[in-house]
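Notes follow once the structure below has been shown.
Per-chain residue numbering starts at 1, and chain names A, B, C and D are given in the order in which the chains are listed.
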C-alpha cells in the first residue's frame, strides 16, 4: 500500500544546531499517528518541514508516493496536505463563515476570480455552512472570530484546514491553550474526522494522545527515539525515562 | 467649500477724489511661495509690493486694487498652475503677478494666453519666459543680464583665462551657465567644466563638487545657485576648502551675494565679484530713501534685496498700466501700456523693452567688501542699460 | 597619477566626514527601531530641534560653540522623554503604517512650529576660529570643520562601543534588542530602558543636527529633507546594529560623495541604486537580525 | 449587525449576509450626487474639483493595495508619475493627443511598471518594503531627471497638446470639460475597484492582509496575488497620472516625488482604509482644508494636518469613516463603551 505521507531522512539545521535529524516517518491512508516528545524536540519544526513552511537541508517528503520535496507550500496544499497551527492563525476580523470560505475558494481555484461577486458562488457558501454544522459552529457563522472564546477559535482553526479537503492533516497541538474542561470538545471533533484522512497529531495532553492515536513516534532532540503502538510506547522503558518520566514529574 | 476671498495683505482703498468718479476695482492675483523653504522670497516680494502701495496711494489713478494671494509653494509648476487657473476662473483677476520660480511661470504661461490675463513677472529669470505668451512682461531680470557681462568681465578685467562653472540643475541654472559660457568664450576664455550641483529644493553638501573644481584649478569659479539658503553654503565651502588661497576667484551673478544673506557669510566672501542689478548698499539718494522706508516699515534688521526691489518696481509697472487704462485692464492694453515704460527705480533707470517685453537695466559689477565689521557691496563698474543678451543675440530658445 | 591620488583622498575625506554626520544622527534611530520596533520618521525632527536649540543658545544666550553643542544634545534628550512616554509608547504594538503616520504628523507639526518661531530661511552660526579654514594633518591639508566632525564621529563610535559592550545598561539594551520578552522575564525594566534609549538616541540626533548646521545648513525643512538618508542608513545597516549603522553610513557617505565628484550629472542616483541593491540581497540590512 | 451567537438551533443565512455586503446601498449614491451638485453650486471651483477627482482615483488605487492587501508603500507616486509622463510624452513627442487612449496608455505604462517592480519588491515586507518602495520611486524620479531629452528634466515636460474629448469637447480654462471627464473616469475606476474587492480574489486579498501565514498554509499563491493587485493598482495610479498630465498639459518631476507618495497615503488614512469611500472622503477633506487653510497661513495648515494625523492614529483607527461607523454603532446602542 502506498503511504499517504512519508518522510525519508529529513534533516534541518540552523548553523551547527540540528533541529531535525534523519527523521523517517510513514503514515498509511487513514492513519492516526501521534508525534510526542519533550519541549524543544523539534516537533513543530518537523511539521514546518513537511508542510513546506521551512525547506529541509536533506531528505525528502513524499505525499501519496510522489516526491514533493521541491514543491512550494502552496503546491503541497494542492496535493492534499493541510496543517493547523499551535497558535491560532485566523482572520480575526472576519466572520467565522468567511474564515472557512477562504480555503474553499483556494481549493476550488475560485479565489483567482477577479470579477464575479463572491456571494454568487453559492456552492462555496453552502459547503462552508455544512462544514460549520459538522463542527457545531454554525450558530456563530456571522460572528467575527476575535469575539469567540478561545476554545471555539481552535475549532475554527480545524475547520479552515478541513475546508481544504486534505488527504493528510497535520495537527499541531490542537488543544493547546484550551481549558481542560473544554478539551473534550476538540477531541470529539478530531475523533469524528473522516476516516480516510491520514492524521499526524502533535499533542502534549497524553490523554488525548492515547485515546486518539493508533501509532506513536517519540521525537527527542530532532531524532525519532522510538515508534510503536500506544501500548508499546507506554511500556517502553527508554521513553518512560526520557519523556514520560519527565512529564509525570513535571 | 465656502467661497471666501481672504486677503492676507493690504487691500488698498483709495479715497474717491473729485474728478475721479470712474474708479474701478482691479483684482490682482499674486502667485508667490508663502510656505516652505522659499517663503523668504515670497516675503521679500510681498514687502516690496506693499511698500510701493503704501508710498504711492495715488499712483493707481484713483482705482481700487485688491490683491488676491496664492501660495505657489515649490518650484514644481503644477501648484502654481492650479493657483493661476483658479485665480482666473474663480477670482476673475484682471492681472497676474509674482512668480519666483521659472517652472512656475512656464507652467502658467499658457493660461495667461488662454485667459487673456496679463502677467507681470517679478522674479523668474529664465530668459525665454516672455516668449511663451504675448501677455507676459518682466520687471526683474534674466539670467543673461548678469551671466553674460560677468563672462566678459571675468576675462577682460579679472584676467581669468580659464573658468569652471557650478550651477544648480534647473532652468535658471542652465540658463545662467549658458549666459556665462557665451560671454566668457566670446571674450576668449575657456570653460574647463560645468558641473550640475543638485536641484534647487535642498541645499546639498557642495564639497565634492568644489573639490573637483579645486583639483581642476581654474582662474575663476562661476557659481549659480538659487538666491537664498544655497549661497551661504557656497561661500562656506569655498572658504573651508581654502580655494581662495589656491588663487581661484569666486564669481557669479548677484544671487550669490544677496543682501539678506551677506552677513551670514564667512570673511572669505570678501573680494567676491558678482554682476547684478541691485544691492541695498547702492549709494544713490533714490536707493537710500527706499532702504530707509523699507527699514521703517519692516524693522531695522530687515534689508531689501533684488527681489524686494522687483516687487516694488513690479507694483509700479502695474500701477502705471492700471492708470493708463483708467482701471479697465485688458491684456492687450496692459502690454501696450508697459511697452517702453520707464521708471526711476531704486536700482537705477529701468525700462520695459518694447520688442521683448523684458526689462532693460544697468548691470553693475559688485565687490564684497568689509566695512565697520559689516559685509557690504561696493559697485566697481557699470554696464549701462543692458538688453537681455540672450534675446539680443538670438541664442537657443531666445528667438 | 598625482591628480588621481588627490581626488581619491578628497573623496574619501569628504565622504567620511559626511558619513560621520549621517552616523551620529542615524545611530539613535537604528537603536530605537531595533529595540522598540518603532518606525520613527520623526527622528530627523529631533536632529532639527537640536540644530535650532543650538542656534538659539549661541545667538540669543551667547553660549560658546562646543558647550552649545553638548547642551543642545542634553536639552533635546530631555524634551524627547514625554514624547516617548505619552505618544510613542501607545503604538509599540501597532503596525508600521500607524507608526509612520504618527511620526510624520509630528514632523509636520515640528516644521510648522519651527517656521513660526524662526522663519522659513536657513539659520546659521559662526563657528569658533579654530574650526575655520584648513588644518594640516600631516598627510594633507583638510577643512578644519570636517576634520572636527570626523573626530566627533570617531569619539562617538568609541563611546557607543564602550557603552554598549562594557556597561550594564548597554548589556540590557543588547539583551532587549535581541529578545524583548526574554529580557522582560529576567527582570529587566524594559519600559525604563525604552525611555533611556529613546532620550539617548534623540540626544545623539540633536548632536548631529548641531554639527550639521555648518555643513548642511539648518532650516525648518531639515527633518523631512534628510529623513530619507537617515532611514536608508538604518535600513541598510540593519535595525539595532551600531556596527551596521556605522558601516552603512560609511558606504553611503563615500558612495554619495564619489558619485557627485566623479559623475555630477548622475545626481543622487548612486545612493538609491546601492540602497536598493543591498536591500534586495540582504533585506534585513548588512548587520540586521535575519 | 450580527446576530447573537448561539451554539445550535438558529443558523444565520450567510448568503443574505454576503449579498447585503456586496449590494449597493442608498448611501453610496451620496458622493456622486455631491460631485454632480458641486458642478452646479460651485462652477468656479471646477479646476480644484478636477484635481480632487484625480487625487481620489490615485487614493483609490492605493486603497486597493493598502486597504485590502495590506501593502504599505511610500512610493506609490512612481506609478502616478509614470502614467503622467507616458501620457505627456505620447503627446509631446509623438503628437498623439486623443485624451482617452492617451490616458489609458498612461495606465498601461503604470501597470507594466507596477508588474515589474511588484514582482521584485513584494517578496519583502515591513520596513524593508517601505524603504524599497521609497527608494524605487526616488530612483525613478532621478531617472526622469536624467532623461532630460524625453522628460524635460527639471524644467518639466512642455508641449503637451491634448485634442478635444470625443473630438468635440474642448479643454476649457474653467475646467468644466475635464471635471466631467475626470468624474466619468473616477466612476469607471470605482466600479472596477468595487467589483474587484467584492470578488473571490478580493476576499483572498483580505485574507492575506488578515493573516499571511494562514494564507500560505491554505495554499494561496500569495506573491502572485499580491503582484496581480499591485499591477492593477499601479495601472489605476497611472490612469490618474495620465489624467493629471492631460488636465495640466504640463508634467514636472514633482509627479513622482516622495511628497506625493506621502500625501496620498495621508489622504487615504484620513478617510479610512479598506472601504473604498475612504479615498473619497479623505481626499476631499484634505484638499479642501488645504485650499482654505493654507490661504490663512501655510504654517497653520501644516501644523493642522500634522495634528490631525496624530489624532487619527491615536483615536480614530479606521479614519473618519471608521469614526463615523463607531458613532453610528454607538448611537444604536450596540457600540463598545
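Rule of thumb we're sticking to: a residue touches a chain if its C-beta (ideal position, glycine included) is under 8 Å from a C-beta of that chain, and two chains touch if they have at least 3 such contacts.
Bear in mind that the values here come from a model prediction, so they are computed numbers and not experimental data.
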item	value
Most centrally placed chain, judged by C-alpha centres	D
Farthest chain relative to chain C (centres taken as mean CA coordinates)	A
Chain pair that, of all pairs, has the most C-beta pairs in contact	A-D
Interchain centroid distance [CA atoms averaged], chain A/chain B, Å	74
Chain centre separation (chain B, chain D; CA means) in Å	39
Chain centre separation (chain B, chain C; CA means) in Å	37
Averaged-CA centre spacing for the pair chain D and chain C, given as whole angstrom	33
Residues within chain C bordering two or more other chains	115, 265, 267-268
Set of chain D residues in contact with two or more other chains	145, 299, 302
Multi-partner residues of chain A (at least 2 other chains)	none
Touching pairs - complete list by chain label	A-D, B-C, B-D, C-D
Interface residues, chain D side, partner chain C - complex	66, 72, 74, 120, 124, 126-128, 130-132, 134-136, 138-139, 142-143, 145-146, 258, 262, 265-266, 269, 299-300, 302-303, 305-310, 312-314, 317
Residue ranges of chain C touching chain D (in the complex, touch as defined)	33, 39, 87, 90-91, 94-98, 100-102, 104-113, 115-116, 228, 231-232, 235, 239, 265-269, 272-273, 275-276, 279-280, 283-284
Footprint of chain D on chain A - complex, ascending	51, 53, 73-78, 82-83, 85, 89-95, 97-98, 101-103, 105-107, 110-119, 121-122, 124-125, 128-129, 133, 136, 138-144, 147-148, 160-161, 163-164
Complex interface listing, chain B residues touching chain D	1-4, 6, 8, 34-36, 39, 69-71, 73-74, 76-78, 81-82, 85-86, 88-90, 102-103, 106-107, 110-111, 114-115, 169-171, 199-200
In the complex, chain B residues that touch chain C	35-40, 169, 195-199, 201-205, 207-209, 211-212, 214-215, 228-229, 232-233, 236, 239-242, 245, 260, 264, 266
